[in-house]
Amino acid sequence: MSDATSGGAVPAAGSRRHGSILQLDARTKKRNAKEARFRAYGLGAIIIGLVFLVTLLTAIVSNGVGAFQQTFIEVPVYLDPQKLDKTGNRDAAEMAKVSTFGYTPLIQQGLLDLVDREGIDAPFEKAGDMKALISASAAAKVRDYVLANPDALGETRGFELLASSRVDGYLKGRVTQESVERDRNISAEHLQLADALREIGAIRKGFNSEFIFGADASESRAEQAGIGVAILGSFFMMLVVLAFSLPIGVAASIYLEEFAPKNRLTDLIEVNISNLAAVPSIVFGILGLAVFIEFAHLPQSAPLVGGLVLTLMTLPTIIISTRASLKAVPPSIRDAALGIGASKMQSVFHHVLPLAAPGILTGTIIGLAQALGETAPLLLIGMVGYIATNYPDGISSGFLDPNSAMPAQIYEWAKRADPAYYERAWGGIIILLVFLLTMNIIAIILRRRFERRW
Amino acid sequence: MNDMTLLERGVQTDDIKISARNVEVFYGDTHAIKNVNVEIQDKTVTAFIGPSGCGKSTFLRCINRMNDTIDICRVKGDILLDGEDIYDPKVDPVQLRAKVGMVFQKPNPFPKSIYDNVAYGPKIHGLARNKAELDEIVERALRRGAIWDEVKDRLHSPGTGLSGGQQQRLCIARAVATEPEVLLMDEPCSALDPIATAQVEELIDELRQDYSVVIVTHSMQQAARVSQKTAFFHLGTLVEYGATDRIFTSPEDPRTESYITGRIG
Amino acid sequence: MSDQHILSAYDRDLESIQAMIMKMGGQVEAAIRDAVRALETRDSDLAMKVRVGDRAIDELEQLINEQTARIIALRSPTAVDLRVVLSVMKISANLERCGDFAKNISKRTGVLLESPPIESTAATVRRMARQTELMLKDALDAYIHRDPQLAESVIDRDVDVDQMYNTLFRELLTHMMEDPRHITACMHLHFIAKNIERIGDRVTNIAEQTVYMVTGELPTEKRAKADHTATETIDFGA
């Protein structure tokens, strides 16, 4: 070869059929410009998306983070035996007869005494004036303490009590002295007193574990409301969804994918499953209402019914993702199993299913996450509007007792008039997102761990 | 001159293992195999050669009824294994496939350990009564697959971690582990490099002592190297069938001659 | 380079054709030896045996041809394998010619037995035959041991055979001039000598094939041609 070229001269520029490759021709320039434009569009789309996401997250966090903090008042309460144990024999049954109304004045008196002792200048004389500062839930807390420790009677104990939602709002900046002018519950003087108490350390803000683990409260006690019971409600619902949709979904998809003959009927079923995935969730809600509650007479607002409705909704998602992961298993694996004399079922259960498992699990978790965030169907079976004030006692009541669910609880709070609930709704959303994120991360980890190469 | 036949281990037996009579295969409306008659000997390597789409793989898959898994595939005519019709309604294809093992084009070990790959067949067919017996079967199969020395120290590492050639020999060992009588190989070396190919071919030549091996190959050279009998398929018909020596030195049919000399594809 | 092919059947194929060459070589060696001995001892039975035995050599060559064709068709040999197969084909052809020469010697022996022996030529013929026989043996040894040095020495030794043939040629001319009754015998003896000389040339070819098989190149043409008889003239006046 070398001797063939050594004698040849470099071709002159004129002999080239095309122009110099060092110069871009018009077509190339145009094509490059087009490509550059397209990249710019793509980048722009991603930036817009990111901006939205960041805005959303900032809004959620800035609005919701307040719900995780709560204002507490440290009040020394004299536990007057005259009022709390009239018989004087410390009999638990007798003491229990004293309702929270018996405790409220003692707490208010305690706070008033504290104000006097500290020499704070406040225009309040009556113990009842302190009502605006202290949460209505305080009495119940003191009462519980006394009933648990009857020996404390006659002594003065310090209690860390929830401040009222107005005081709480004042400390968080939601309420100002001007904004309470027309508020019947609280006056500017109260807020000044709160400032003074804060200076001496009697009022302070702390972490609000009650919000995460506590139960919902009535409309007037925003400071007491928590999402814990609703989390439990959601948890029981997810158990139901998992228990029903995974086996049904996987069985259905294995049959359709591996065993069913390919004919008109199976085609029709396939199309319908795809369509079901696109049906609005409220449709499943009304179906659940009609079938589970009106026809089968299952209890209203129960996580069991909620779970069944969400199962209907999740099934298509699981079937579609399971079929996709079964399809993704290379046919060579099936051939290999059949080739050494495994039956169809052996080949599916011994080889295909284990390989599809990570995909199935991921699909299931994504389906569960979707169900976890679903609100609309719960509207129709009464899980929204129910005030979840009590923890279910035991497993079966966990399924059958009325309860709420996380998104339903958030919706409920957002509906309420008190602006303190607005903050809680955002806080609830943070918790919901944390759950969803955790589930997605679990899905990713499962996929990473069990995914095998072939 | 008798001492001069040391050239080949030779075809040791004239027993007919598989005999196909007037076999026709249809894929939907396509007539894939047209009236094929062939007698495959025991303890012999028989190669099916021919251009792509000539039906050689289809015919191979008829022998262990792998075509059953394809809905639109219909088979007519008789294929007799030791005189018994494998398409008899009484025959269970799963049972048949335990007797007629198959090795595929792409090495397809299960994504399990090397041991489990080989042990799977004996397990589902109940060939071992206990762990010790199973160990023995696995070792024997891996030795038979000429891969024992390479994997004996890592039996419990995944089979997919082996090289392509090792994977294919593992697949052969897996097929051998169920103690089949016939081994079907569908282009077993097409995904392998020349060295791995040579190793597999050597293995096939050794397997001939115990099995009737039928191999489909795109490589005429491979057919020449490993087989004693060669069948040339063209457009769904069996054009010529005979001793490999003869087919490659003086074929009778002009189509065979054209194909093996590279004149038609 | 490993000696073994991964495909052991290939090794068996190559070994078997080379074994056939060795067998054929042995038969040819024996044929030459027997032919010359029959001439010396005036043994017509032995001469007959050589003539008959040539058929076996021919058959063996035929078999080698078939097997090499088969190997080329089935195994597509390359590089050293290809050279082995090609050299086997050429060597078998050369051996077959050697066998033919031995047969021709035996035929002429039959004629020579009818006339009285020509004294003094026998020793030269014997030496020539001995030399070519040794050359053939060494050539085959060189082949089987893949020894190009030995093969080269075989090629060099062909000069001696040529020179012996020259000597014999002149001797026979002298005999014929002395006594025209010796012409028939001398002509046959000359052809026998010529045959032995041709065997030497064929053996040289075999040795060349050995060099080619081992090194991939034919030896350069450097050997001196000592056969001058083609230009030999006799001065009858002398």
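Think of it as A, B and C in the order they're written, each chain with its own count starting at 1.
To be clear about the criterion, contacts are C-beta pairs under 8 Å (C-beta built on N, C-alpha and C of every residue); 3 or more make two chains touch, one makes a residue touch a chain.
Bear in mind that the values here come from a model prediction, so they are computed numbers and not experimental data.
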Task: Top-ranked pair of chains - ranking by C-beta pairs in contact - done: A-B
- [ ] Report back the single chain whose CA centre is most distant from the CA centre of subunit A.
- [x] C
Open item on the list: Need the central chain here, defined by C-alpha centroid distance to the all-chain C-alpha centroid.
Closed with: B
TODO: List the centre-to-centre spacing of subunit A and subunit C in whole Å, with centres computed as mean CA coordinates.
DONE: 101
Open item on the list: Nearest whole angstrom, what separates the Cα centre of subunit B from the Cα centre of subunit C?
Closed with: 49
Task: Averaged-CA centre spacing for the pair subunit B and subunit A, given as whole angstrom - done: 59
Task: Touching two or more other chains - residue numbers and ranges from subunit C - done: none
Task: Residues of subunit C defined as touching subunit B within the complex - done: 5-10, 12-13, 16, 19-20, 23, 59-60, 63, 67, 69-70, 73-76
Open item on the list: Could you list, by residue number, the parts of subunit B that touch subunit C in their complex?
Closed with: 1, 4, 6-9, 195, 198-199, 201-202, 205, 221, 224-226, 244-245, 248-249
Task: Touching residues on subunit A, where the partner in the complex is subunit B - done: 261-262, 330, 332-343, 346, 350-351, 355, 452-454
Task: Interfacial residue positions of subunit B with respect to subunit A in the complex - done: 64, 66, 69, 71, 94-98, 101-104, 106, 108-111, 120-121, 124-125, 158, 160, 171, 174-175, 177-178
